[in-house]
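Residue numbering begins at 1 within each chain, and the chains themselves are lettered A, B, C and D in the order written.
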Amino acid sequence: MVNRIPGAEVVALSDVLPEELAKVAAKFNIPATFSNYQQVLERPDVEAVAICTPTNTHYQMVLDAAAARKHIFCEKPLDLAIDKIEEIDARVRACGVQLMVGFNRRFDPNFLKVRETVQSGRIGVPHVLKITSRDPGIPPEGYIRASGGIFLDMTIHDFDMARYQMGSEVTEVYARATVLVDPVFEQAGDWDTAVVTLAFANGALGTIDNSRRAVYGYDQRVEVFGSEGMVTVNNNTYDSHICLDRTGTHSSLPLNFFMDRYTESYLREMQAFVEAVQTRKPVPVTGHDGLMAVVIGLAAAKSVRENRTVKLSDLYDGSKSG
Amino acid sequence: MVNRIPGAEVVALSDVLPEELAKVAAKFNIPATFSNYQQVLERPDVEAVAICTPTNTHYQMVLDAAAARKHIFCEKPLDLAIDKIEEIDARVRACGVQLMVGFNRRFDPNFLKVRETVQSGRIGVPHVLKITSRDPGIPPEGYIRASGGIFLDMTIHDFDMARYQMGSEVTEVYARATVLVDPVFEQAGDWDTAVVTLAFANGALGTIDNSRRAVYGYDQRVEVFGSEGMVTVNNNTYDSHICLDRTGTHSSLPLNFFMDRYTESYLREMQAFVEAVQTRKPVPVTGHDGLMAVVIGLAAAKSVRENRTVKLSDLYDGSKSG
Amino acid sequence: MVNRIPGAEVVALSDVLPEELAKVAAKFNIPATFSNYQQVLERPDVEAVAICTPTNTHYQMVLDAAAARKHIFCEKPLDLAIDKIEEIDARVRACGVQLMVGFNRRFDPNFLKVRETVQSGRIGVPHVLKITSRDPGIPPEGYIRASGGIFLDMTIHDFDMARYQMGSEVTEVYARATVLVDPVFEQAGDWDTAVVTLAFANGALGTIDNSRRAVYGYDQRVEVFGSEGMVTVNNNTYDSHICLDRTGTHSSLPLNFFMDRYTESYLREMQAFVEAVQTRKPVPVTGHDGLMAVVIGLAAAKSVRENRTVKLSDLYDGSKSG
Amino acid sequence: MVNRIPGAEVVALSDVLPEELAKVAAKFNIPATFSNYQQVLERPDVEAVAICTPTNTHYQMVLDAAAARKHIFCEKPLDLAIDKIEEIDARVRACGVQLMVGFNRRFDPNFLKVRETVQSGRIGVPHVLKITSRDPGIPPEGYIRASGGIFLDMTIHDFDMARYQMGSEVTEVYARATVLVDPVFEQAGDWDTAVVTLAFANGALGTIDNSRRAVYGYDQRVEVFGSEGMVTVNNNTYDSHICLDRTGTHSSLPLNFFMDRYTESYLREMQAFVEAVQTRKPVPVTGHDGLMAVVIGLAAAKSVRENRTVKLSDLYDGSKSG
């Protein structure tokens, strides 16, 4: 990707693992490396930074980068606590830098086409949003334990997608989750299977279903139903072949790995960040977007635990002002 | 259909509208007609009756038919009150006649294929059921007011489908419904758009989404996701043509009318009833099935009104024994 | 079908096999049966006859029916000799009766939709026609030997389809055929696999490919490519289910039996004949249509034998006047 | 692409247009540029060259590169004359360098999957090959005049695809071509619409249909039908969205530009060339492949002009020994 975004140059790289750091720098011809990210922030030739570290480091790094007047791309979630994300959002504004949150799926050509179709009015007023989001396989146990749970790690993408597609804030959440895939989730106090109902400020309804393991691949579908029609997307498959034999009609599975499935969206996401920095236009995914997805995720987890509807305004005062 | 079920003969017809009665009898060559259904029940050459009248007449007619020792096919719902359906169920058993409830969609080749696939174990243990069920257009206001509401009139098919596909009873329901299609539903104290979450006794989850009006046709899809795969069905379309021009790739819409969409399932349903009567084997859709779909429907309506999860056992003691 | 065409009644049936005759008459409640078809022709209550006998009997039966002033539906091909079909065509005209040839595929909803799309001008001027026509299995040896060969028995449907879709006469044929499926075809002096190139009077080109055995079912596709687009049809399948598991995406095969595949077209074909007879309007598939398909078939066989292009005008003078 | 093939470095670039040369060199950071390609061949740090010039320059350049002991990638066709291609093939062998011809479509994931399916025996013995190959729009008139005609410029890809998919040499060709798209083709002594029949050494048959302009995009399909099944591929589309409204079901068109459609295959093609050079293994597309596609193309053009079947052995003695 380093070489594929015209106008951007990677001038410095920082990582706490020295070997990784050297290897990646060599592979992509990155001139300067540092074990301490502060040194990157000190460089005058650095205009913007991309923070792709574990969630618990985001808060401090974003604040430091903002203080150093660097524009910031940060992977989701910004943090697991609402007040810290609010603080982040306030500080980057105060420092006059841009903060873009890594909801890469917004840049996927299929999901973008759904949004364009909805925005164009072609399906009329949106009534029902449906998202199916199933991972192809379970992450390592260590990752699960540090992930913040299914709603803040996995469904968070769908919560952002929901807001993106409907162009309206979520007001209430009802979620039901369970462990059907692997007991490791139960041991981590997490769930692997979930169904979520969303109510939107515009009166529409939404439903999300998640599983941590779809044996047939990465299942990522979005559908918006409206007063004048419906738009949906199929999964991306390895190829488009169809084979018919005595046993049936057979074709390829959905892509199985997120790097394959979302290659294009990762590239377009970073292009959009670079372009926003260069043109001083607003980034397309803001700190507010990062905040709201976390609020919905926390509401969903609370809903499962208490088996009841949770209003977003109970968790976050500003939920209606977005 | 009259002529298309070998081994069955329509010997008598009853309707309260004399003109309709005469017209239909003439069209299908039915020898005897009566304005009073009791006269049909008195005939010794009548082995079985099909009750296709408004819901509020089912209770008395079924009891009368059972007393007359006629096997009974009755359209759904049997009644809107749980205790009356329980009484119906008890009485038909006591009279030794069969009662089959008209959940015709079970006999649709597509939904049947989903069930066979699930039952075969091919997709492993079922984890998540998804049903999309959207009507092509809204019924007349009079119908809406007498319908018992969206959950007992429309979603009831999906509740039965859910039990049929998952082979497990529903234990809890959360439903969210609203009026987005037409204010006539609000005026009738009803809703036109709904999203339902189901919890099943086997631990699986389900989601149903409904709309009273899909401008593009009758949208009827079922998907079952399991530990080893997923099975889903597409809608039936008018034809299979695909046309590509400068503006895009275009193909036919889903069938728009329930008589077209479910022609085959209505035929197979009646064949199954006739066969069960003739061979004295159990009917494939029982009074218990009719009861459970109503219980879920009542729970869903209660859930919307109280914005909370409703346990079926709160409405019906026997809900777990099914 | 007997009961499914309003306005038509089967009053008499004739067959040379007495047992068959009795069985079918009983099944469909046909009042009169005759071992000699002449007796059917003598009945004043017979307005029209359907001739569904082996090809070598068509000539005499059609002439006899015409002489008896009965409208005639006759299965394809009318005959294997051009001059006899010309004679048939002349005689039915002289007798003032209608003759409709059984190219049932014209009435298939999918192929009809292709034609409507072409006729509407939506794909512009037609440039290339493509037909894939593969039988699901080989017929009995006796049938093969009496069939007149692949081009007059099987491809004849495609030749008619070509004229029907393009709305233009075929002027030249190049065919290449071989035996790849079963040596029984070679023993019968026939072929089981063929590729045909057609040139049309309007300047367009066409290609047909045939096989006597597609193990995956009845493969019947038509595509018309034009200056402004393309229209094509997929096969009809048993159901619309899609199953994804670890091994791939799987769905149903094309229907395997011509009675299933063309149920609807047989029904509509006979309705069209009955309607034409009743309203005294021209039948939609004429003796000329029956003739031209045979001419193309004979040209194709000649082309294979001589490995060269054959002009239809070399076989039939009137080929351009259609 | 320059940066996307690990292990390969572009060290020099040559072009007769100085401005183009400078621009491309700058864009891709290529250190050395020359107006005379001989200077590239003189450099000791050049291991291999890619010749992407007009067809009439290939012969001399390939011979020069071979003499300079550089491995060669050359765009198709190598030349329009059989004897010159034979000479090329002989000289590169004599010089001990590799020559790979640019039939990039062999590296397309879809067509590769078809080949793998055929090779695996999954569809049994191949009986019929079908290729549809339609360009999205017509090239400039100058290009058309210098192109060698539709069969050597466009269908040549399909001829190579035919040999690649069937794993068997073509023995006879029958082609029919005409001008239906644009009179510019007629003025250039060329055709824009063609249907080709192929006979293969293994007894199978093939059909290709071409058009120079499909208004709906780049239409590139391959189907192989065999004794045990069939494999086919759909076109690559812009995205996978499906939109249903009152007018129909709508989805995206095939990709419209060859650089989009074949991005992946161009990359994999060059990777394969680099790998073959580096590992000293045979290139996957040889001079013989380049020759045979031209022989079939010349035979096709001759077939159209003479309206008859042309045996490849009449044009090229070695046609059977491939």
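Everything that follows uses one rule, which is that a contact is a pair of C-beta atoms (placed from the backbone, for glycine too) under 8 Å apart; a residue touches a chain by one contact, two chains touch by 3 or more.
Treat the numbers as computed from the prediction; the structure is a model and nothing was measured.
Q: Work out which chains are contact partners of both chain B and chain D.
A: Touches both chain B and chain D: A, C.
Q: Measuring between mean CA coordinates, which chain is farthest from chain A?
A: Max centre-to-centre separation from chain A belongs to C.
Q: Write the angle of the rotation needed to overlay chain B on chain C, where the fit uses Cα atoms and the result is rounded to the nearest 5°.
A: 180
Q: Could you please state the distance in Å, as a whole number, between where the Cα atoms of chain C are centred and where those of chain D are centred?
A: 40
Q: Where the centres are mean C-alpha positions, what is the separation of chain A from chain C, in Å?
A: So the centroids are 57 Å from each other.
Q: Listing for chain A: what residues touch at least two other chains?
A: 215-216, 228-230, 244-246, 252, in rising order.
Q: Under the touch definition given earlier, write down the residues of chain A that touch chain B in their complex.
A: 124-125, 127-128, 130, 132, 134, 174, 176, 178, 180-181, 193-195, 197, 199, 203-207, 209, 211, 213-216, 219, 225, 227-230, 307-309
Q: Along chain C, where are the residues that touch chain B in the complex?
A: Checking each residue of chain C against chain B gives 3, 109-110, 112-114, 117, 122-123, 228-236, 238-246, 252.
Q: Could you pull out which chain C residues touch chain A in their complex?
A: My answer: residues 215-217, 237, 244-246, 248-254.
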